[in-house]
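Look for chain A in each of the two complexes below; its partner is chain B in the first and chain C in the second.
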Partner chain A sequence: MGAAERVKNFLKSKTFTLLCILVAIMAFFWYFSANHSFLSVRNITSILYSMVLFILFSIGVSLLVIFGEFDLSPGYVGTAAGATLATILSGTGIPWFLVMLICLLLGIVFGLINAVLVNKFRVQSFIATLAVGSFLAKGFSYIISGGRAIAIDHPVIDWLASYKLWDVVPVTVIISVALILVYGIVLAKTQFGRSIYLCGGNKEAARLAGLDPKKLSYLLFANSGMLGAMAGVLFASRLKSGNLDGTNSYSFPAVTAVIFGGISFGGGSGNMVGCFLGLLIINAFNNGLTIMRVSPNWTGVASGALLILALTLDYLSNRRVRRQIGGKTS
Partner chain B sequence: MKKIIALLIAIMMLATLAACTKDEGPASPSTSASASTSPSASDAPSASASTPASTESSTQASASPEGSAPAGPTDPSVNANSIGFFFDDVDPHSRRTYDIVWAYMRPMALFLNIHDAMVELEDVLNFKLTGYCANSDIDAMLQNIEIFADQGVDGYIIVIDATANMRIKEVLDETGLPYIGILNSVRDSNGSEIVPLIGMEGFTIGHMMTQWLYDNYKKYWGDIDTSKIGMLNYTFSPNIDFHERHLGNIEKFNELLPGNGDLIFPADGVSGALDEQTGYDLASAIFAGHPEVEYWFVPSCLELYAFAASRAAETLNMEDRVLITTANSDVLSAQWDNGYDGCFVSCIATHALQYAAPALSGLVSLINGTSTFDTLWSTIRNPRDLYTYFEMDVEILTIDTYKAFFDRVRAESGL
Partner chain C sequence: MEKLLEFKNISKAFPGVQALDNVSFSARGGAVSALLGENGAGKSTLLKILSGDIQPDAGSVCIDGEDRRFASPYQSIKASVSVIYQERQLLGAMNVMENVFLDDLHEKFGIVNRSELKRKTQEIIDIFELPVKPTDIVGRLSVAHQQMIEIMKAYRRGSDIIAFDEPTAPLTDKEIAILFKLIRELKERGKIILYVSHRMAEIFQITDDIIVLKDGQLVTTLRTSGTNERELVKAMVGRDIGDTYSNLKRNEIMGDVLLEVKNLETDYVHDVSFELRRGEVLGFAGLVGAGRTEVMRAVFGADPIISGEIKLEGKPVRFKKPKDAIGSGIALCPEDRKDQGLILGRSIRDNVSIPVLSKLKRGLFMSYRAEEALAAEAVRKYSIRTPSTDKRTVELSGGNQQKTILGRWTSDKMVTKVLILDEPTKGIDVGTKAEVYQMIHDFAATGIGVIFISSELPEVLNVSDNIIVMQNGRVTGRVSRQEATEELVVAMSMLE
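Right after this comes the complex of A and B.
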């Protein structure tokens, strides 16, 4: 493929559309923010910092959506992991790294429960993950913490919450960006990544081609649970407490970002670059609204408009693909 | 085609955003741009003749919330009126317009009314208010506190959420800007209040509510067998202030009806949320599950729960056997305005101006430098507290008295 062809394809891609939207939003807020502070280093860091938890949730959800499933539980799993972290750290002498490992394992367990419900009991993933998240994981948070927010006072948690590389970039930003990079490479460049796309496109065809969609499903749900738990640990470290509302409300915005980033509900398409850009657009947009002092009553409307934009793009894109396929078959 | 539609929607979205930004009237960039994150001496007003000579140095001291008391100023709030409004010695219109953020966690009637009351005081105290609701996202609140500081705001009035209060205080302190809390206390391990705060002391409120129910039940139920009175006692246990109201209710109930201890039924909203549905679910289950209780006292820590209990009583046809009261009066007074006269019969009166007026006068004096965390309201401080918990002057209202109360507060506010 020649350079001209590649440029032409790029200009037709969702990534280019997302970049256009990002540039438009950046330019708008830069122009209208006081002292053009929207693009100051501090504010850009602030935007990236606000993305950290969503990146972790979105990675897990993205892989599942590409695979053709759905996960609404990671937000609740994150809360359960945060409550577990706070409870164990404050009430036992277990070393911090073991506590974190327990939290991640907890996330994996919730993920596997999702997978069992979906694969063994044939429950739709939307319903299964909603039930596991909003009942099992949420209930677990209350039980383990005794219904109280538990304060965390631990040097490692302090470090995780506040350490900044060169006094500018929070360590959690580095962790999350590194993770999305690694997952992006795995998804785009490895056999494992390709098998996710293949299963998302057509599970039966993938099975006939020698893949094991069920096994993959277990892996991806467990992975999503683990990333949710990791996000919950970071959230608890930021707040220095295991909070019972925790990250419960983070699942839907993460899904919004995933869809906005061009990962289709139908499965089999999308990538981590789009996911990252989607998150960047949404968080930059919310940051800009705050800087512009837009009333909180309007921010919901504005975010809704963004979601509608995302869904419209997804619909138009799918329609174009369907037409192309239809044209070729006829 | 896809690109064109995407572009059109994006343009429409940005145009809408621009329009609503203009409507909401953000602080003018030129004003906020000139404001440093810590008020400097030059920002202080040149002052009227009566301005204390030490204003400049005290302004510097106030830049740090933990700043020690300046040598000169005493507590300027000693001249506060009955709702806590006061002027310090700085003419508000001789200085620049301050940029103040009112931040709260949830879109509740109380917070929205406080917002409106604050807006009414904008001209009086010469400030521009930005309202910010975190929509229950604490992490977003922490980040936006920093973003507002970067944008050059002068100070915060904030509801410090009980579930992460120490972290929120830490972030506020890191901004170096003055702030005043509303509603939720922030106490250290010794029980000392460590944030200047406007609120209602939990135990006192609990005692007041239960005492009122006991003093007035005959008016509604006549001369009944008191051994049949039970209590549905709401709480939201993660919030220490709400929970203290709950404990105060229990203490008073046991004192007034010592034989009825078994008829106290806690209803902890932690199983759900701070919303009406949670209150309804708890109340309907408890009402229906305990037929041994013939008459119910329902003191509530939260208005929405109280209103939910009244709906549950109505649904179960027990309105004539339930008496409900609550802390704060925003929901019930609106209901009374609409003709409500059910079993939700009273509330502890709080006009939004009772929160807004002392909070704003206090914050402005902190920004002016005429007071510090240490000197502000120092004359009324409880000895156990590091900084002052400003207790509002409250009373219990009924449908017969609420209008007179609100008229009086408004008259005393000077608006």
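Right after this comes the complex of A and C.
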């Protein structure tokens, strides 16, 4: 492929559309924010900080959506993990790293339950994960914590919540960015990542060509559960408490961001760059509205408008491509 | 008045290919006009332009002297044009009657009147002599029956212009005979019929005029009665390829038993036993639904086995999934390229490399160069018509899609002991067919056992060393190539 063609392809890509939206939003808020404070190091860090949990949730969900499945449970799993963390840390003498490991294992177990429902009992993943999340995981949070918030007082948790590299960059930002980078590379460059795309394109054909969609499905659901638990642990450490609502409300926004980032339902397409850009746009936008003191009553509507805009632009840019290939999308 | 369909100076380009270049010809009513050409010559594109599915860059379509430009298939159907596409367009989750009357459901039946719908569908089913019920779910029918339902859809509309794009590719002789009877009847009624096929014998059986395309250009138009196969092939391919079967360099050396299947029992097949030797080309003949595909799927680990024994190189094996079978040296090139073969949204390169991904790595990562080399080799070996290996397979012509799957299963990175080819020549052009036959025997010469399933009798009979005939999920006969005649095999596949 020649350089010219590569440039042409890039200009047609979703990544390019997303970059344009990002630049437009940045420019807008930079220009209109007091003292141009929108692009100050402090504010950029704060945008990244607001993305941390979303990144963790979205990585797992992205992989599943590319694979052709769906996951609505990780937000609830995060809550369960946070409650477990608080309960065990405050009630027993088990060392902190073991406790964290238990939390991650818990996430994996919930993921595997999802996978069993989807693979063995052929439940649609949308329904299965909603049920596992909003009933099983949520119920679990109540049971383990006895139905109340439990405070956490632990030096490691304090460190996790407040340590900043060079006094600027929170450690959780580094963790989340490192994770999405690693997952991005795995997805784009390795055999494992390729298998996800191929199965997402056509599971039966992939199976007959020697891939193992079932195994992959178990792995990806477990992975999504684990990342959800990880996010729940970080959330609890921020609050210094195992809260009963925890990260429940993160499930839908995480999915929205994934779709926003150009990873389409139906599977087989999208990438982590898009996922990251999608998250960045949404969070930068909300941050911009906040520092411009837009009433919170309006931010919901504004985010909705942004989402619609992005989807429309995506449709328009795709229509050009669609016409070229003679009315076929797939 | 005799009807007339004219294509005038049609051109159409896709990124990187000129699919049609200034093509003009006409087709008359009361005659069957064949469209002939190699894979990617532009036949299907021409039919899609006729139906309004895609728009030409230049040129026009005239019906009875009047310029018609259809913006969508909906419009062309309203103007009494029906195109039966190469790829099935059925709704798999719906039943036969809903599919057959799809575009008319609300208009003719208002609030859908099921008993009326059922009765009308049954009438058409009777005309087509099919063993299906109006209420059968289409997705569960065999590929051949699905194809017949696709044809019913068009037949039912009673259009003046009917175009068939490789209708017989998934059919066996029984359905083909019925189809031809119907086509002759439509011809009698003065309809304009366009007919695309890569099976030369059919062209002489059913068509009156022939239009030959090559690389998007019109080569010539002929009367069928005034030409012969050799001349046609030469016009299509651009050179004389001689007689396919007598030019075939056969492998004559057979070794010991490689694969042994004993009393295989699954949901679909019963008490199936056969042996395959090293270097043997074992043909499987039979009608649609005979169970040939199902036997192979079970051996390959794609379908569960109830009982029976499979031995590979003398050792009992039972594969739980295709991955394990491939790991042990069995390759199965599936019959249905759209659902079971290709991942349509991905490139040629991605599709070719799937079974050998682990051999195309550099360290932890996939090696672009190794994948590209593998795909380029497939493109070269099967002369796949494409501007690059980046092209998504959904954008390839039907025959080129088939070649891509063949490329996947016959790449030199595969370590194959048993190569199972299920209808491998479906939709590919005459020139490449000859190359596929040769490839089969070249593989056999290296000690590989090849299983060759085909519904095209001359092909199985001439290419295979031995032939197994199946019917209703059972083996009903086996013959060697020397003994085999078409009559004998047909008789074995229709025993009562």
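Convention: the second predicted complex is superposed on the first by the 309 of 330 C-alpha atoms of A that agree within 3 Å, B and C clash if a C-alpha of one lies under 4 Å from a C-alpha of the other, contacts with A are read in each partner's own complex, and residues count from 1 in each chain.
Assume a residue touches a chain if its C-beta (ideal position, glycine included) is under 8 Å from a C-beta of that chain, and two chains touch if they have at least 3 such contacts.
Note that the structure is a prediction, hence the values are computed from the model and not measured.
Enquirer: Is A:238 touching anything from chain B or chain C once the two structures are fitted on A? First, second, both or neither.
Expert: First partner only.
Enquirer: Taking the superposition as given, does A:20 touch the first partner, chain B, the second, chain C, both, or neither?
Expert: A:20 sits against chain B, while chain C stays out of touch.
Enquirer: Name the contact category of A:189: first (chain B only), second (chain C only), both, or neither.
Expert: Second partner only.
Enquirer: Touching A:120, do we find chain B (first), chain C (second), both, or neither?
Expert: neither
Enquirer: With both structures fitted on chain A, tell me whether chain B or chain C touches more of chain A's residues.
Expert: B
Enquirer: Does any part of chain A touch chain B in one structure and chain C in the other, and if so which residues?
Expert: On chain A, the chain B and chain C contacts do not overlap at all.
Enquirer: Would you mind writing out the residues of chain C in touch with chain A in their complex?
Expert: 14-15, 48, 53-54, 300, 302, 321-323, 326-327, 332, 334, 339-346, 350, 354-355, 357-358, 361, 364-366, 388, 390, 394-395, 408
Enquirer: Please name which positions on chain B make contact with chain A in the complex.
Expert: 1-3, 5-7, 9-10, 12-14, 16-18, 20-21, 24, 26-27, 29, 32-33, 107, 130-133, 135-140, 142-144, 146-148, 150-152, 162-164, 166-167, 170, 237-238, 268, 270-271
Enquirer: Using the touch definition up top, name the residues of chain A that touch chain B in the complex.
Expert: Contacts found on chain A: 17, 20-21, 24-25, 28, 32-35, 37, 40, 42-43, 46, 49-50, 53, 142, 147-149, 151, 235, 238-241, 243-245, 249, 286-287, 289-298, 300-302, 305-306, 308-309, 312-313, 316-317, 320.
Enquirer: Mind pulling up the chain A residues that touch chain C in the complex?
Expert: It is residues 1, 189-191, 194-195, 197-198, 201-202, 204-212, 268-269, 324-328, 330 of chain A that touch chain C.
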